[in-house]
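Next come the structures, one after another.
Both of the next two complexes hold subunit A, though its partner changes from subunit B to subunit C.
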Partner chain A sequence: MLERRSALASARPYAGAALRIAERPGFTLTQVAGLSPDFEAKLSDVVGALPETVARAQVNGDRALFRIGPAQFWIIGPETDDAAARLHGQCAVTPLTSSRVRIALEGAPARAVLAKLMPVDWDASVFTPGTVALTGLHHTPVTVHCTAGNAFDIYVMRTFSLDVWEAVTDAALEFAGHRTNADT
Partner chain B sequence: MMIPCPHCGDRDVSEFRYGGDATKQRPKHGTGDLRTWHDHVFVFENPKGPHTEYWQHVLGCRRWFKLARNTATNEIGGVVS
Partner chain C sequence: MTSFRRLPQGGRIDRARPISARLGGKPLPGFAGDTLASALLANDRLLIGRSFKYHRPRGIVAAGIEEPNALFTLGEGAATEPNVAATMVDLVDGLVARAQNAWPSPDFDLMAVNSLLAPLFQSGFYYKTFMGPSKGSWMFYEPFIRKAAGLGRATALPDPDRYDMCYAFCDVLVVGSGPAGLAAALTAARSGARVVLAEQDTDFGGSLLSCNDAEQEAWRLACINELKSLPNAEAFTRTTVQGLYDGNLAVLVQNRSHLFPSAQKGEARMLLTQLRARTIVMATGAIERPLVFSNNDRPGVLLASALRTYVNRYAVAPDKRAVLVTNNDTAYQAALDLAAAGVAVTVADHRSNVSADILTRAGAQGIAIFPGSGIVDVEGAKTVKAVKLGGPHAVTVECDAVGMAGGWSPVVHLSSHGGIKPKYDEAVAGFVPGGFPGSHFGAGAMMGTFGLSAAIAEGSNAGASAASHAGFGKTRPAYAPEHATDRTYAILPTWAPTQGAKGKAFVDFQSDVTIRDVKVAHQEGYRSVEHLKRYTTLGMGTDQGKTSNINALALMAEYRGITIPEAGTTTFRPPYAPLTMGAIAGRTRGSHFRPVRRSPLNDWHVKNGATFIDAGLWKRAWFYAWAGATPETAYVKEMELVRRGVGLADVSTLGKIDIQGPDAAEFLNRVYVNGFARLPVGKVRYGVMLYDDGIVLDDGATARITENQFYMTTTTAQAGEVMSWLEYLLQMQWPELNVQVASLTDEWAGMAVSGPRARAALELAFPEADLSDAALPHMGCRDFVFGGVTVRLLRMSFSGELAFEVHVAADYAISLWEHILKAAAPTGIKPYGLEALASLRIEKGHVAGLELDHRNTLDDLGLGKMAGKDKDYVGKALRFREDCQAPDRWSLVGLELMEPDKKLRGGSILFAASDEIKGHGRGYITSVTWSTELNKFIALGLYKGGLKHEGEEIIAAFPLKNEQARLKIVSPHFIDREGARLHA
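Coming up: the complex of A and B.
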C-alpha cells in the first residue's frame, strides 16, 4: 500500500520520563469557507456542532473543528474522513492534509516549552483543554490545540516542519533529564 | 504591545504585519498623472501621535484591518471600521 512520506522522517521522536515529542500522522485536514448566509448551517449538517469561538475547538466524535478565520473552518478528521467529499459543491473546500504536519508535545514541562516559543498565555488556567491558538512559531504560522491537560498538537506547514521540530526540541532540551554532558 | 484582532481578540504584536498608512487615499483608477502616483507610492507622512494604520494578523487569521495607534506612546485606540 502506498503511504504518505513524512516530512519529519529524519527526526527522531523523543520520549523522556516527563516529556514526549513526536509527529502524530494519520489525519485528514480539510479547510472549508463560505460566504453564503447558510454556510454554517450547511456545514453543521455534515460535521455537527461548530466551534463557538476562534479560541475553542469543537470535538464531534473523531473530528475536531477549529474556527480559523471569518467564515472559515478547519476539519481535522481521521485519515479516512469523507467530510471533503460530502461538502463538495456546498462551500469552498480545500484539502490541506498534505500541507500540514502535526507535532504532538505532551508532559508536565510542555507548557514551559511552548512559552519559550510562542507569545501566548500557556497557563493551565487559561489555555485549558480544547483551547486553540493561531499563532507563530519560529516566524511561521502554526495552530496549537490543547487536547488534554498537558498535551498539545501543533499543526505546522509541511515545508517548515523540520525547522519547527528543531525549534521545539531545542526549547525542550533543558527538560531532557536523561541527557548529560557525558552523552554528548 | 497587544493588538486587538477583530477575529482573534488581543494578540501579541509579533503575530501581525504592519501594512502602512490607512489615511492615504489611493488615486482614482485611470489617473495618468505620474506625480500623483509618485506621491502616493513613495511620499509618506511620519506623524507623531494618533494615527490610523493597516495591520494584518499574518500569523493568525490573516485578516486585514485598520487600527488606531498612537505612534508616540503605542497606545492602541482600537479597530477602526
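Coming up: the complex of A and C.
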C-alpha cells in the first residue's frame, strides 16, 4: 500500500497556552460542479440541504458543504466518503483531497491571529460559526470556515501549505507559550 | 543662567517614578509622563540641534507631532532610528538618544561655518551653482552637499525589531481624541455602532491635556471611562492615522517603542492596521502657526501653545520671564497659565484693540500687554536673551522664552487625501476641509471650530450622524461640561514680519527657508505654491511643513498681489507623519517576503541531497548530490543517465486541469490550434493554444480519460494563466458550452521516468501492468490502481527518449517515488533535476517558457503546420495578420558553437557574420546547454528570418562580458529527428 504523507510533515509544531494551531487531516474533499439544470436537486438528494450563499457552510451530519462558485460546491466529508462515488455521472466530480491542507486554529486569540493575515471582518458578531470566507492568505487563495465560537478551519493549497503554515504561526508568535523546536 | 525649570508641583508627570534616559551618552533625568522634549526643557537643555542648511542653533518649537527642530536619533547599532521628533518620544528607562546634524556637538558645531556663508545659500543656490562645468557635475557634487546638509543617518544593518500588521473593521472611525473627538466617539458608541478611536498622543484628550481646568479634566476622564466600558468601542493611543484611501480604508500605525518589545516573543514595535470603516469622523484638531520675525528660530522661541502644554502637562516653565507675541486671543490662555505658574509675562499683540475681558483677566495676573506691537528681533544666539518690540511700544524686554501665536491651521490632511482640496476660511485665517464624501464628517478645530463647547457639540453631532450613516439610528449625545465656554479667536492675520531688523526670519524651520527665500522664488518666477515648494524645499522636511505652509503661501500671495485662496495649497499626501519603513513592511520580510511553493516531493528532495533553484514561486530540485557538487558537472551526468539508462524527475509543478462535460471535446478543439474533437479515449495529444491576438499562450499535452473528461497539462510557468483563460472563455465567450474546469495542479503529483530503460524500470515498479508498446503506445494513457491508489500513466516524452509520466494524488507522491526508485533499482534509476530536464529538451528541440514568451507566433516557433486548416480556434484570425506573417520575423533556430574553447551564454545577441557588433542585432539565444550527445555547446534562439539561414555562420555577442563566439545555424532538433527513441 502506498502511504499518505502530510504536506506539513516537516513543519515546526506550534504550541501556545491559549491558542492551538495544528493540521487537521482525515477529510475527503470533493469538488462537484453542475452539468445539468437539475444539478442542485441531484446533489441535494445525495448530500442533503445545500448552503444558500457562498458565505455560509451547510453541515449535514459529518459533511460540510461550501458553495464555492456558480454551480460549484465543495463537499468536506469524513476520511472515507462515498459522496463522489454516489454522484459519479450526475455532475462533474473532481476529487481534491490531496490538493488542500486543513489547518485548524482554536482558542481565544484565534480571531486576532486571523486578523493579521486576511482582510476579513473576524468580529465574533460578524464571522459567526458556520461562516465561510473565500479569501487570500499570504498571497494564496484559502477557504476559511468558522466551525465554532473561536475555532476555524483554513483550507490551504497543498503546494503553499508549508509557507502558509509558517506565515500563520509567525503571526501567532505573540501567543505562543513556547516553541517545541528551537527558534531560528 | 537658567532659562527653563521644572515646577515644584503640577503637571501630568508621575514624580514618584523617576526616569533616567541617556542623551549623547549622558544621563537625562525626568519623570514618567515626560517626553524627551519636556525632559530636555526641564533640564534647561534648550540648544538641542543644528539647522538643516545653515547649522544655526536650534531648540524645541512645539509640543506635538508638528515639531520641526527637535529631531534625534534614537537607539544604537541595528536598532538606530533617525529623525524622531523629541516631542513624540516617551521618556522611558533605557531610552538612548543623540543629537544629529552637528559635529562635534550642537553646542559647538564646526559646520556652523555655513552660517557665515548664508548669503550664498538662498533658494536655488545648489541648482544654480553645481550644475557645471560638465553635464554630469550634479551627480559629483550631490553626495558632498547631502553630507553637509542633512538629517540623521539610518543604519544599514538589518532591523532587529518586529513590525506587525493587521486588518480591522468598524462602523465609525474617529480620528483624534480632543474634545470633539471624544464627544463624537462617545455619541457614536452609545448608538451600538462599532467605534474605533485613534489618538496619536500618549493619552486621550487632545487640547484638554494642556489645560488645568478641573471640570474639563473630569469630563475628559468620564468620557474615556465610559468609552472603555462599552464593548463596542475600542480606543487606541500612540496611534496615528497616516492616510485615508478609497473605500474608507484608513491606515493606522501604533507606536509601541516605549515598551521595548521583544521580537523573539513576537512583540511588535509598531503595528500597522488597515482599517475599513463605514464612516469616519475627523477630529484632528489644529496646529498653531509661528510668526515670522527676525531670528525667530533662536532656542527658546516656541509656539505659545507649546509653552502652555509644557507648563500645564509637564510642569516645565520658563525660569522667570516670557514674552508672547500674538495676532489672536488664544495666546492669552498660555499667558494666564504661565503667569499662574509664576512666570512674568509680557504680550506683544499685533492687534491694536484687545478685548476688555482679556485686559481685565491679564491685568489681574500682572501680565503686561503691548497692543499694536510685534517682535522686531530676538537677541541671543544659543538662547533667548531679550526681544525688541516694534510698533508704538518699541522697547527691549529681557526674557527666557518667547511664545509665538500666529493663529491656528486646521489639520486638513486626512480630509484632503481623497483628493478634495481644502478651502480658505477668512474667519479662521486658515484652510478648512473643502468638503467630505457622504460617509465622512468633521468636527472641532479641524473645521475651524475653536471653542470648547462648540467643538463638543459639533463632535457629538458628527458622531450621531456617522452612526446613523452606518445604520445606527438612536443615540444619546455627549454634552459639554457645565461651565465650558467658547474662547474667542479674533485673529488679525499677520504674515510679514515687523520691520526693523536684518536677522533671518524663518518661514520653515526644518528646511531652513527664510522669508528672503520666498521672495527670491517669487522674483525668479517660481510663484505657484508647488514651484515655491520645490524651489525652496519649503515643507519638504520630515514635518512636511505643518507649521510653515500657510505662512509661506500667504507671503507668496502677498508678493503676487493675489488672495490666499487664489494661491491655493500644495497637495496633502500620506503618510501624515514620518513612518518607519519597517512599519510598512510589517511581517513580510525575510522568508515571509513572498510565498514559496513546494512540490509534493519536496521533503524527499531535501532529504536526498537536492540543490534547489527558484522557478517562479516554486522551489525546484535543480540537481542532486549523487551527480556532483556543482550544477556544471551534475547536470551533464544526469543527462547522460537519461540518454543511456533511466532517470526519474519531479514534474509535479506542471499545470494540471480537469475538464469535464459533454462539450469538453468541442471546447478543447476551439482552445487548441490542432484538433482535439476526435482524440480517442486513452490517448494523449500535444497541443498549442494562442491568445486571441494570434500569439502563442502555452503548450502542453492533454489526455482523454473518458468520453467527457480530459486531463490537461500545461507548462509550469503558464499554469495559472491557462486556468484563468479557460474560465474566461467558458464564462464570457462560450457560456453555451456545457463544460466545467477545475485545477488539479495541487491534487496530482507528476514524475517523469525517462530513458532507454524507462519501460524496464516501470515494469519492475508495476509488475502487474502491461506497459508494452502495443498496450501503451507513444502518446497513450492509462489509469490503474496501485497500492490502493489510482495511478495515471501517460506515455510521452520531453527529453526525446522513451519516457512516461506517472501521476498520482499528491499525498502519495513520496511513497510512490520511493517505491519506483527501490523497485527499479536494478535498472540503475536515479533522480535527475531541473537543469538536466531543461537541457534534454533543448537537445530534442522542444520549446519551453523561454521561447513561449508571449511575443511569438506559431510560425515563429516552427509549429505552424500543427494548426488545423479546416477548423476554427482562438487566435486564428489574427494569426494571419500581416505583421505575424512577415518573412523576416525572429524565428526559432538551432545553434551550434563552432569554437570549442569558448562557451555560450543565454541571452547573447545574434549578429550576421558581416554585421557590426552593435545594437539589438538580429535575434538572441533563448536557451543554451552542453550537449552530451554532440559534445559541444548548443542552443535554441530566435533569429531574423529563422531557418532560411540554416547553415550560415553567425556571431553571438555577450557585451556584459565582452565575449563573442562563432555559431552555425542548424535545425533546432539536434537529436533523433525521426523519433525512433521515443517510439521504442
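The criterion applied here is as follows: the second predicted complex is superposed on the first by the 169 of 184 C-alpha atoms of A that agree within 3 Å, B and C clash if a C-alpha of one lies under 4 Å from a C-alpha of the other, contacts with A are read in each partner's own complex, and residues count from 1 in each chain.
Keep this in mind: contacts are C-beta pairs under 8 Å (C-beta built on N, C-alpha and C of every residue); 3 or more make two chains touch, one makes a residue touch a chain.
What you are looking at is a predicted structure, and each value in this text was computed from that prediction instead of being measured.
Peer 1: First (subunit B), second (subunit C), both or neither: which does A:A108 touch?
Peer 2: So A:A108 meets neither subunit B nor subunit C here.
Peer 1: Looking at A:A124, would you say it contacts subunit B, subunit C, both, or neither? Reply first, second, both or neither.
Peer 2: In the superposition, A:A124 touches no partner, neither subunit B nor subunit C.
Peer 1: So, A:G136: does it touch subunit B (first), subunit C (second), both, or neither?
Peer 2: first
Peer 1: Of the partners subunit B and subunit C, which touch A:A33 in the superposed model: first, second, both, neither?
Peer 2: After superposition on chain A, A:A33 lies in contact with subunit C alone.
Peer 1: Under the stated touch criterion, which partner chain does A:A55 make contact with: subunit B (first), subunit C (second), both, or neither?
Peer 2: A:A55 sits against subunit B, while subunit C stays out of touch.
Peer 1: Residues of subunit A touched: more by subunit B or subunit C?
Peer 2: Larger number of subunit A residues touched: C.
Peer 1: Scan A:I68 for contacts with subunit B and subunit C and give back first, second, both or neither.
Peer 2: After superposing on A, A:I68 lies in contact with subunit B but is clear of subunit C.
Peer 1: Return the residues of subunit A at which the contacts from subunit B and from subunit C coincide.
Peer 2: 72, 119-120, 140
Peer 1: Going by the contact rule at the top, pick out the subunit A residues touching subunit C in the complex.
Peer 2: 1-7, 9-10, 31, 33-35, 71-72, 92, 94-100, 112, 115-116, 118-121, 123, 126, 138-140, 157-160, 162-164, 166-167, 170-176, 183
Peer 1: With touch defined as at the start, can you tell me which subunit B residues reach subunit A in the complex?
Peer 2: Residues 7-9, 11-12, 14-15, 57-63.
Peer 1: Which of the residues in subunit C come into contact with subunit A in the complex?
Peer 2: 164-169, 194, 264-268, 274, 276, 587, 591-592, 594-600, 602-603, 606, 618, 658, 660-662, 738, 740, 742-748, 786-789, 808-816, 819
Peer 1: Using the touch rule from the top, collect the residues of subunit A that touch subunit B in their complex.
Peer 2: 54-55, 68-70, 72, 119-120, 134-136, 140-142
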